[in-house]
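What follows is a pair of complexes built around chain A, which joins chain B in one and chain C in the other.
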Partner chain A sequence: MPEVLQRLAARQTTALLLILGVAVYTVFFAAVPARLDLSISTAVYALLALSVALIYGQAGVLSVAQAGFAAVGAYATAILTTRWDIPPLISLFAAILLPALLGFLLSRVVGSLSHLSLAVATLVFGEIVTIVLREGGTLTGGYVGLSGIPGLAFAPDLLAYHLLAWGVVIVVVILCSNLITTTRGRAYQTIGHDPLRAEADGINVPKSTALLFGCSAGLAGLAGWLYAHYMTFLAPESLPASLSITVVLMVVVGGRRHIAGAIVGTILLVALQNAMPTEESQGLLYGAVLVLVLIAAPDGLVGLVNWWRDRRRRAARPIIPEPTAQEV
Partner chain B sequence: MLTAEDISISFGGVPALQGVSVTLERGQIRGVIGPNGSGKSTLFNCLTGFIRPDTGTVAIDGRDISTAAPHERITLGIGRTFQTPRFDPKADVWQALACGFYPATARSITASALRLPSARRAERRVETGVGELLERFNLTAQADQPVGELPLGTVRLVEVARAMATSPGFLLLDEPAAGLTEDEQQLLAGQITALAQADIGVLLVEHNFDLVVGLSDEITVLANGTCLVEGLPGDVAADSRVRSVYLGLDAEEAVDGERERQVWADDDPARD
Partner chain C sequence: MINLLEFVIGGLLLGGVYGLIALPISMVHSTTHSLDAAVGGHAVVAAATAAGVGGVAGIAAGVGVGALSAAVAGLIYLGLRYTGHSDPITFVLATFGLAMALQAAVLMLHGRDPITAHGFSGTFQFSGILVRYQSLLNLTVGIIAVVALTFVLQHSSAGRSLRACADNVVGAQLAGLRVALLQFLAIFVGGLLAAVAGVLLLYSAGLTYMSGLHLTLAAIGAAVLFGLRGPVHGFAGALLFGLVEALVYGYTSSGVAATIPLLFIFVVLALGRSTIETGRP
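Let's look at the complex of A and B:
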């Protein structure tokens, strides 16, 4: 295989595996509506998880506002399509750009806070979004919400919507995998590890972080767009703040530093959630899984797999001399 | 020429630097030494922009850069290292060096995510650039080793190489020899000399008196936030005031000197 293709395959392993997985799933469950429905909501979760993996996994900024950004995107497309009959493909721009702008501004305003304060600030932002949607009068439909959001003409049935949703996820995975292997991506990894070090590399940390935050919020808005046109109905609690926390959990469980981690975490938690009998037991499940993963694999499941692979690879190599006590 | 003129700064009313000036020419190695609390680190941070002085200016070739942010000074040609190496222990040497190429090769998020031709070209530049750095600093064999698994001497070399990625005109090293073994110090000294020969101005802020005297073209000695002596290494080493403040050898100030030495000894990383 030519080197270019080898490199491409190495960079896009996650996307390739995902394409394979979606193909197999589609072959098995193409005729089972409940399975397709589950798959579509999983794809929405996966997009939200990817938005967390970008800003938290790469730049180390914990955002607990992703469901809020998704709600902004969902309401933007819902209002534009129901009130002004704008086609969903046009309102898609608003659904991405409006949350992106809000995310950029939010990051510029609260970006200098410490990690924990920043996370709390984003959580508060998510709550504010919910309140604004609830109190938005006729524009947002208040407590009742908005109904009659048109479906997508090019994805009329469940199967088509399932393929569309996962197609979007795969494109996003490809773009993210591209980004993190460039200088720009390495810059974000440096910011995530040590902002002072990033300054010494010549990186404008607040501005770079705000731009990535904007992208992450825009990605959440895209998830909201997919959600709105699938459900055709929106209420202030459709995308609640608790969802923001759930997707952060998915990313941490899967491995926040890896793009594949967002996908693995999403699929695992959705599967476990479906295996649980009642909704009340979900909190128990999330808590238990999180504690288990943080103890057994602090870098998530994908991190654990990578660690295992590196260890096996290194065992095949000559031993590196250990630094002496003096050197340490 | 990198100049800092008449730098003064105080923290909470306590003066850290009072009217200190220092110049660094391309191809020159200047050592900055002084006991703990003499203002070495503060001066270093003023030059790199991490601290803004109350008064005084910092300039490159006559161009005032006093208001430039730290990241802007990197692109203006001032590279720096940290006293405690800051690195991601899981990243390998190749990746650590690649990070240094940010100012020249970072493309927009969109261009990078779409891998547009500009981003692909930039990545190829990073690859050749890292290859050259690895060779220049004899790190090729360690290219795929995680930085966290390397001995401290090699980590310092990686840090210096990372700062050199932007081809700065001036390189500021914050206590590069701290914690290194004798052999590692020699290796680092060799690299520093080679950098100066390549027409780079090197500023050494160091605890290690012998290393600074051996390497520097000129030495600035700070004490209590002021410039005590400035001159050639031989003269500085022989200066009675330096010996008094730094080594505590002056009989008249035996008590003060002893205290200085005590402070000094407590802080000497070589004895850790």
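Let's look at the complex of A and C:
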């Protein structure tokens, strides 16, 4: 295989595996509506998880407001398409840009805080967004919400929406995987590792963090857009603040430093959630899994696999004996 | 004017209970530089247990179960510390997990019905305002807790050890203090206080299985108002927070009222007055 293609394959392993996985899933479950519905929900969660992985995994900034940004994006497209008959593809820009702008501004306001204060501030922000949407009167539909959101003409059925949703996820994975290997991506990783070192390297840490936060929020808005046009109905509790915590959990379980971690964590926890019969058992399982993973594998499952693989590689390396005095 | 006085008194009484939940936030942050995000969960599970069992035995059972959940939080901290992952954010995430599990447990045991019980039913007049004995009890317990905690922290060897951990963990270890045990103790006592607060809330405002997150946020908000400097600051912040909440609910619509306390917390955090530090330069 030409070297360029080899490098591309190495960089985009996650995307390639995802394409394969989606293809296999589609072949097996194309005619099962319940499975396609589950797949679409999983894709939306995966996008939210990727938005967390981007900002938390790369820049070390824990945001617990992603569901709030998704709700802003979802409501933006819902209001534009139902009130002003704007086509969904046009409202997509609002669904991405409005949360991105909010995220950028939020980061500029609270970005200089410590990790803990910032996490609390984003959690509070997410709660405020939920309340504002609930009290938005006729604009947001209040407690009742908005119904009659148009579907997407180019994804008229479940199978098409499933392919669209995962297509979007794959594109985002490709872009994120590319970002990590660029100078900009390494700058974000330096910020996450040591902000002072990043400043010393000439990186404008507040501005860079705010830009990435904005991108992360925009990505969450994209997830909200997909959600709104799939469900065709939105209520303030559709994307509640508690979903932000769930999504962070997915990223942590999968491995926050790896783009694949967001996908793995999402798929695993959605599968487990689906296997659990009740909300109570789901909550118990989520809590237990999160605590166990944080104690036993703080780099997540993908981190654990990488660690095991590296250990095997080191064990398989031939031991070169120390030269004796005579040989020297 | 009567309305204003009513809201002020109501707010201070509510703040007394918030103070009981804010105290753990201050204590845990002082000794571990992290937050127990399950503090609201300890309160809710204690309340649900007390409601389920009923009577005086229920109160004891509720506080006991709350203490147990607090002990679990402490063990989680020790587990993270033992495996070398005692980063403050990691503990917060772990306690989020614990909070989810506690919420699920309450849902399983109690269901979606409101968690309420009848406490002291009498009222008395104070400057033309009807005050419930239960509310006064809540504030009294809160004041006793903060006074006792302050006394222990300032005048006992355990308190001095806890303060040493808060000031300089490495120094405390070198001085021979069992830092891990002290940190566990801080988390446990904090959760115990939250459990007591939960039982008090059961007999006053009531709770639901989803109240944990709101209580945790209120506790954090109350604790950061005057900085995470100690129990007195935390309790004073809680009284102020209760006051703000009561006034906002009294003079505005319920929708706006729900936002104002959260905005209050956000502004305090954004202004950087919270002193929640984790070493980020």
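Criterion: the second predicted complex is superposed on the first by the 315 of 328 C-alpha atoms of A that agree within 3 Å, B and C clash if a C-alpha of one lies under 4 Å from a C-alpha of the other, contacts with A are read in each partner's own complex, and residues count from 1 in each chain.
Convention: contacts are C-beta pairs under 8 Å (C-beta built on N, C-alpha and C of every residue); 3 or more make two chains touch, one makes a residue touch a chain.
Source: prediction; values computed, not measured.
J.: Applying the document's definition of touching, compare chain B and chain C: which contacts more of chain A?
T.: C
J.: Could you say whether A:212 touches chain B, chain C, both of them, or neither, answering first, second, both or neither?
T.: First partner only.
J.: Just chain B (first), just chain C (second), both, or neither: which does A:189 touch?
T.: Touch status of A:189: first partner only.
J.: Once the structures are superposed on A, label A:283 by its partner contacts, choosing first (chain B), second (chain C), both or neither.
T.: Second partner only, chain C.
J.: For A:87, is the partner it touches chain B (first), chain C (second), both, or none of the two (neither)?
T.: neither
J.: Let me test your reading of the model: by the given contact rule, A:178 touches which partner, first (chain B), second (chain C), both or neither?
T.: first
J.: On the A-aligned overlay, A:203 touches which partner chain: chain B = first, chain C = second, or both, or neither?
T.: first
J.: Where on chain A do chain B and chain C both make contact?
T.: Touching chain B and chain C on chain A: residues 196.
J.: Given the complex with chain A, which residues does chain C contribute to the contact?
T.: Against chain A, the touching part of chain C is residues 33-35, 76, 79-80, 83, 85, 88-90, 92-94, 96-105, 107-108, 213, 217, 220-221, 224, 253, 255-256, 258-259, 262-263, 265-266, 269-270, 272, 274, 276-281.
J.: Quick one: which bits of chain A touch chain C in the complex? Just the residue numbers, please.
T.: 62, 109-110, 112-117, 119-121, 123-125, 127-128, 131-132, 134-135, 195-196, 241-242, 245, 248-249, 252, 278-284, 286-291, 294-296, 298
J.: Which chain B residues qualify as touching chain A in the complex?
T.: 48, 50, 69-71, 74-75, 80-82, 86-88, 91, 95, 98-103, 105-109, 112-115, 119, 122-123, 126, 145, 149-153, 162-163, 166, 181, 184
J.: In the complex, go through chain A and note every residue touching chain B.
T.: 175-176, 178-179, 181-187, 189-190, 193-194, 196-205, 211-212, 215, 320, 323-324, 326-328
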